[in-house]
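First, the structure itself, so that you have it in front of you.
The first chain written gets the first letter, and so on, giving A, B, C and D; residue counts start at 1 in each chain.
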Amino acid sequence: MAGMSTPPLPSLPEWEISRWFNTERPLRLADLRGQVVLVEAFQMLCPGCVSHALPLARKIHQSLADSGVAVIGLHTVFEHHAAMQPHALEAFLYEYRLTFPVGVDAPSDDGPLPRTMAAWNLQGTPSLLLFDRAGRLRARHFGAIEELPLGVALGQLLAEGPAAQPVADSAGEGEGACADGACAVPPARS
Amino acid sequence: MAGMSTPPLPSLPEWEISRWFNTERPLRLADLRGQVVLVEAFQMLCPGCVSHALPLARKIHQSLADSGVAVIGLHTVFEHHAAMQPHALEAFLYEYRLTFPVGVDAPSDDGPLPRTMAAWNLQGTPSLLLFDRAGRLRARHFGAIEELPLGVALGQLLAEGPAAQPVADSAGEGEGACADGACAVPPARS
Amino acid sequence: MAGMSTPPLPSLPEWEISRWFNTERPLRLADLRGQVVLVEAFQMLCPGCVSHALPLARKIHQSLADSGVAVIGLHTVFEHHAAMQPHALEAFLYEYRLTFPVGVDAPSDDGPLPRTMAAWNLQGTPSLLLFDRAGRLRARHFGAIEELPLGVALGQLLAEGPAAQPVADSAGEGEGACADGACAVPPARS
Amino acid sequence: MAGMSTPPLPSLPEWEISRWFNTERPLRLADLRGQVVLVEAFQMLCPGCVSHALPLARKIHQSLADSGVAVIGLHTVFEHHAAMQPHALEAFLYEYRLTFPVGVDAPSDDGPLPRTMAAWNLQGTPSLLLFDRAGRLRARHFGAIEELPLGVALGQLLAEGPAAQPVADSAGEGEGACADGACAVPPARS
């Protein structure tokens, strides 16, 4: 975000989704080239996701979809798996009026972290990632995020053509379990 | 609440609970005589419950338990039953740091409404009920509620001895499904 | 307030007012016997007064005046005197839609603190005082205050007859100048 | 702002300032070329300015000054002139911790509207204006404004070089006097 450090950000592999909601056909990150892409990684029972991250993602979807911002939810369940199965997520999306596409991060065979979350090395939920029109990761943030700097970052990405430099990689203070609005992946798992 | 109409309020039967959380042994409303009792009927996937009603119940539990207010949660699931089973509620209570006793309203054999919700004729979630020290229902409110009038009502009930008149019966504007922060029981069901 | 310590509270002398707004004739604390009286001591350029204390006083006036709560504003100017003269206060009250009676605490001849503020030994602004129906001081609070415990205290005072014990004397963390929403009287002055 | 209509915006004359605060020497809009300039026109007794517009301007100053955004306050007093003289403004800026440069819009000889406010045809307070790095007016908004679209607009202006098209001209619902957080210039005066 504006004013944050801008370390080199890694190139991320395509997401792995076991089920989609709010889209007629499966989406690939690669198919969204040309748009600025905001990925909100969340869990439906993560308090900070419910109170802050998802309402903000919803607001961005409503106000900026026509301006070229694609909002994608990524349900990255790494705890309480039985309580957050896809049928429960479906009820959650309905009750919270979330209408942007949401993909269920594919479960892994050898651990609690789902595949995309592990491949992208996410620290927990909520995690927000911004990709530019060329599909490159440009910012990443774990934890609560403020509207103003997020708006500035989106404005900068919308203004540029498909070629640019990293914007930011940052994280909140979460250090395990859910606290201060964010659920961190325990150290042992990451 | 203060300034609200005060119609005669019905005498309510004992709640019917299929499972308790946050208490070592089952509770009965009758056992709480001597305390002012606040019952918060909620569903874990009801947005208004999560954003307003439960945080307020939590605050009251933290600040007024020592003053004689017993806060009891009542999980009155009347929709999305598969997504709100007790094991999911347990994860929810843990993540949202809710430590007051919560009872699961016993499912009914002949309809989506659980037993206590039907017997008490609740309109939906969140529903807040206040019982005086003598165990009589003194106020009932469906929908979002403000802190100031709720505080006034609690102060009035705390100040009186075990004998008094009804305080209020009121409801928000919810008219079916979840809107404006409250989930109403559909007309056909009530 | 509920759960706070309840030291013996002093008996306070009548306020000294140099000019009234929002009332046709001068008011005396003694004339308000029979009502619960909430006095909000404020300054029109005190940020915490403007953002929290006065909106709450306004809400209480609107919702509880009919229930027996008299809300009185006390403009206790102890700094920036030239900027907070009565003509400026009049514009302020108009723009902020404050319609409860407000008295200008009479200036002192020998210091920056106005007469009532000094006689009542107020620590700064905002300061809230609650008097019971018998005119006795029952609670006092310097700094930001929460709606729930204030509502409880009001409910308790409304419920009792004209005879009771102190409720509370408490203060925020302000330690000089305006910080965290409260303006403290400098130590040298008090 | 993003998604808003983008009518041609007028070229504005230089501001006329009778006194400056928070700057060692007088500023001219023309001197700020190369920076994105946010002008917040306000009155110290305008509730919407105090509760929303000025805290947002303060936040932008704190977080984006280093990124090339210059925040300038413009005290455009068009009512209650006696209560909002420069000495009162000085106390206000001190108490509200506003540290960005603030200019007092020069009073007019023939009416209540100050000179810049009249020349720029502002509808009331708060009014926000955005100028690009080339000094051209790019957006204008009367009334409350949301952080997200403002952030997007700032990001877009920061991303571009010194040459571009208008972004937006919009207004809130204020229709005279102060309501819903904005103080409108009465029709007769404009």
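FYI, a contact is a pair of C-beta atoms (placed from the backbone, for glycine too) under 8 Å apart; a residue touches a chain by one contact, two chains touch by 3 or more.
On a predicted model such as this, the values are computed, not experimentally measured, just so you know.
Steps from subunit B to subunit D, taking the shortest chain of touch contacts, total 2. In terms of the stated touch criterion, subunit B and subunit C have no partners in common. With centres computed as the average of Cα coordinates, no chain lies farther from subunit C than A.
Centroids of subunit A and subunit B (each the mean of its C-alpha atoms) stand 35 Å apart. If you average the CA atoms of subunit A and of subunit C, the two centres end up 48 Å from each other.
Shared interface positions of subunit C, i.e. residues touching 2 or more other chains, are not present.
Chain contacts in this assembly form a single closed ring in which each chain touches exactly two others.
Per the contact rule defined earlier, chains pair up in contact as A-B, A-D, B-C, C-D. The residues of subunit B lying in touch with subunit A in their complex are 45-47, 50-51, 80, 82-84, 87-88, 90-92, 95-96, 178, 183. By the touch criterion given at the top, residues 2-3, 56, 59-60, 63-64, 66-67, 146-160 of subunit B touch subunit C in their complex.
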